[in-house]
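After this come two complexes, each holding chain A, first together with chain B and then together with chain C.
Let's turn to the complex of A and B:
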């Protein structure tokens, strides 16, 4: 699944390769130049949310049939298609909270009745060690994911949100992921990392033809940082394409990841301006 | 304009909007016309600066301003070229920040070049940023290891310590000192932004020292720590260049690699004070624990803070207990002279502990030419002192402070980078 997302992103970038190569001189030009990349990105997001619906269905099914191990195995791979498109998904803040909020977003943490979604289920599966009592959370997650898919399909993507999304994903990693607090019960954080990076890289790759003539050094630096992240994450991949526990990430690798994420966040924060967007 | 003022007055009633319009009715109550929303005045030193260039880094023997921060980071640099690039970028930022000026104005569609927290013109405000390197950096990079200064080591746990690994060590220490804490915070944010690819923060501790105006006769007093005692009474005179050469600066007498001449060792300790318990301790016991009078700071055989205790006349400790803090720290014997160090501490207040106690203490910083004869020997002598009941070191680290930046053509760490380059590559 991870592989298919990367391949499809690569194919999109390739398809776009010969289209717009001119720099963004004015906002109007920029908007015109962005039509192709935005359309491609919309397809990418639609693929991911469709995948999210399908995978959530299997995840929910496992929970409701009491298949604890099956549900645990599906938790991380189901989340990745959400994490990859988070800049768009979080435009619907009600659903983002319902789907992806963490216990410390609530005053009473895990005991808070408002705490629902992926991480509430994660808590049940790993800490409480049972699927019992998770059925309602599972049903609600399914409904919310379907709602999200429908709303995203009906959405006109604002260019500044898409372009800014490349940096937003890095801010997400820098602020809450690098510490391992996102998937604190399952320690599947590296799956989320990879999805966040892949989601950011897709946006960058789609925009690259519009900026690389103006500033090849910038493009090279961003690509080198993405590559450094890939190289580190590759060391933690498992044979089946997943990732080992976050607890196995060494301090040294976490430090390098942190520096690369911060560097990418700084660089990608200039992407909107480079494309003439306010 | 008049119309707008009238509108504001009409909307604001007796609230803040009236003040914007000039508060016509209240002006004589407060000649300055000041109100809550106005920034505080009384800080006239913003234009003062500490020279950045020199044989030694600033922020060590230069006067201690009211606010400090120590930030410890890890360094992401795998090659001598990357290390040099990091040092050059850092030097460039520090040269600008300590001198002040106007940051570049960018296209408003871009993130601004500066955080803006000091306004559009950055005042120097006596800012110094002092850069040190930790043992972990040398130990991780095989090409750097042969150049590790001989006394540099990872801070070890002393018997009374309760070290929190999240508050310890680091590849690099950055000590910020300035009149205002905002100036330090501005510099810290600038460095973390401009060196995002090189530096990853491990821990940050802020602190301050109370401002005490000089006495009418021009003399000054030591500031008090959060135990209420004067701290620094016996500090060596930092204006005595000869003394500083003996105590603080590494030179040819120190059996250290020549690249570090002009540098010094920095020991940082985050020392929590159990202030509630301390405040419930009898005054006489507090004074016996320190070995000084609390109000005046004078030793027991003296009148003023600056009087020097004479332990030769008190060998049994009947005047100053043998285990009093100041007596253990500095027994004032010919042998203990080699243990002298320069202290530059700040008080910190970090809120509240899980137990509902105040989390306050001392951001203790010392400088010495020999880490082992300085801080480590003194702390070893202090092990088991009665003060331990009231204090708990929880963090910190040891660092070697780089030599100074001589001029605009020089950069921090140049001597180290050159030493690395002049060494044949070790077989891998």
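Let's turn to the complex of A and C:
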């Protein structure tokens, strides 16, 4: 397992290097045809942040009533609507830190007082095995997702951030998620992955009509890679629509996932130039 | 791989990650060596002369304060700490450019288009102090700021489309609520819901008036119809208003309300599909402000309910939405004009606020000619200022 992780991480460094050097297949000027897809994407994000607020409310309620099993069951499904909008997380970097930072980002890791958000709560629920002491983190998470939802509604999305976001998130999955480090206490990473891929694919799907005539082979390749990822994730779905522990993922599937993510990151990185937003 | 191994690994994710990172570093060093050679070669030709080198230690960036001229700038980030890091340039909370997962001992480059101003740079751990990036005025940045293209309108146009869809949906829902109260014969509720249903439509009006067939079905005023209130073309909001506030009954309004819901649904759909462009976006708030200034405020439109001030406030919301989007386009090109638009909007706000009380707006009958003139003048000055946008940011 360790070896495959090393290989995937190595492949990533290579992919990032080449991505930067590979130009777009066909550059063109930005057109008004982008307005409709950009508007639809904003609505997609707003729907997700509204859902995040509603689901976080239930999650917080479970924590504050001391319902450990209930809170654990709600952790992964509550996160999905946040993970779905991660392509544009660079528009709210402060809240991304408050909501979703990991222990490694802090000097004292899990013991650091600045470590808050979903993963601090995850640590409490799975490692400390209790809801006690999580009330303040829960309240802060609630306030932060409400702030996020309000900000999203008031924000004009820069087109290049939206179009570039599909690749940015795939790069992040390749760099800091495929290792299983994100949800390291609960191993619910597959839930996140599904939402990350869906959130990245929605951008591609919205832009597809603007690029498929120029380069049908490119579109087919990206589609095939998304499909391959879907097929792998589907094998790990549970009967109730959730996912099994990330520890169940076989080395072979992890290797394929890693390769597909790197291909997607590289291909989607050409979207901006293809749409005149380079 | 055996289960116990897996469990042991799960208990120490940090170690595994560092193992992976160390492995990556080994490969990265190989890749980095090739890259370094390439860099050196390019150095020889002088192409990387303006590369700004930043070294990130366990505690801070070195240098921690950087000044560069505006324009497209390149940075080389060296990770001199023992953890993987990301490096970001932040404009407030927004990431302008970033490199993630730079392994210890490894370096990456990034380029970013930077407008003049002060930015924060992150330096490894979140708890480390941030550095400062000063970007100064330059020929390059002045040229970039003065160029307005279609691209600058894509964000504002899509944001306005979202606004039209959201307000359109609210207008349909509110009209349906009104129709329900009318069908139930509930006069008091219908009167209250009539006022509420006007608001989202008035926010849409700057754009809705462009779709004249629907505007004439949704919002015709009896003054412009030959047979006035008895004219068969007198339908929509004001026909319902006439029934609820002048005839004091819901009788006979059912079909009118149902037609209003159907027309509002058609309006929402057409606005959602409408091909907006920069010229139209610039014209919309100016035309609405001018229309208010040149007649509507003097005469009013809601002859039976006298709720004109609430209408005007909602119209102003609609104007402000578009004007706000245009301000972001004009700000880098002509900051004085941007500030003037803000002042003119505030002046209209102040006039409206003077007319409102603690319980909302009073009947329009109580607003005398002098007050109406002052409000109209404020809208007129706003329209004049908005009219200058075309020559400053208009694109063909």
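Brief remarks follow.
Here, the second predicted complex is superposed on the first by the 246 of 278 C-alpha atoms of A that agree within 3 Å, B and C clash if a C-alpha of one lies under 4 Å from a C-alpha of the other, contacts with A are read in each partner's own complex, and residues count from 1 in each chain.
As a working rule, a contact is a pair of C-beta atoms (placed from the backbone, for glycine too) under 8 Å apart; a residue touches a chain by one contact, two chains touch by 3 or more.
The structure displayed is predicted, hence computed values, not measured ones.
Legend: residue contacts after superposition of the two complexes on their common chain; A:252 is shown touching chain B, with no touch to chain C. In the superposition on chain A, A:31 makes contact with chain C only, not with chain B.
Looking at the shared chain after the overlay, A:184 reaches chain C, while chain B stays out of its contact range.
In the superposition on chain A, A:277 contacts both chain B and chain C. By the touch criterion stated above, A:171 is placed in contact with chain C alone, chain B being left untouched. By the touch criterion stated above, A:104 is placed in contact with chain C alone, chain B being left untouched.
Number of chain A residues touched is higher for C, counting chain B against chain C. Within the superposed three-chain model, A:93 lies in touch with chain C and out of touch with chain B [touch as defined at top].
Of the two partner chains, chain C is the only one touched by A:112; chain B is not.
In the superposition on chain A, A:262 makes contact with chain B only, not with chain C.
For the contact definition in use here, the residues of chain A common to its chain B contact set and its chain C contact set are 276-277.
Within the complex formed with chain A, the chain C residues making contact are 1, 5-6, 9-10, 13-14, 16-17, 19-21, 23-24, 26-28, 31, 35, 83, 88, 90, 93-95, 98, 100-101, 103, 106, 108-109, 125-127, 149-151, 154-159, 161-162, 165, 275-277, 325, 328.
Taken together, the chain B residues at the contact with chain A in this complex read 74, 76, 107, 109-111, 140, 192-193, 196-200. Listed in rising order, the residues of chain A touching chain C in the complex are 1-2, 5-10, 12-14, 16-17, 20, 29-32, 34-36, 38-39, 42-43, 46, 90-95, 97, 101, 104-107, 109, 112, 114, 156-159, 171-172, 175-176, 179-181, 184, 187, 247, 251, 276-277.
Looking at the complex, you find that chain A touches chain B at residues 225, 252, 255-256, 258-260, 262-263, 265-266, 269-270, 272-273, 276-278.
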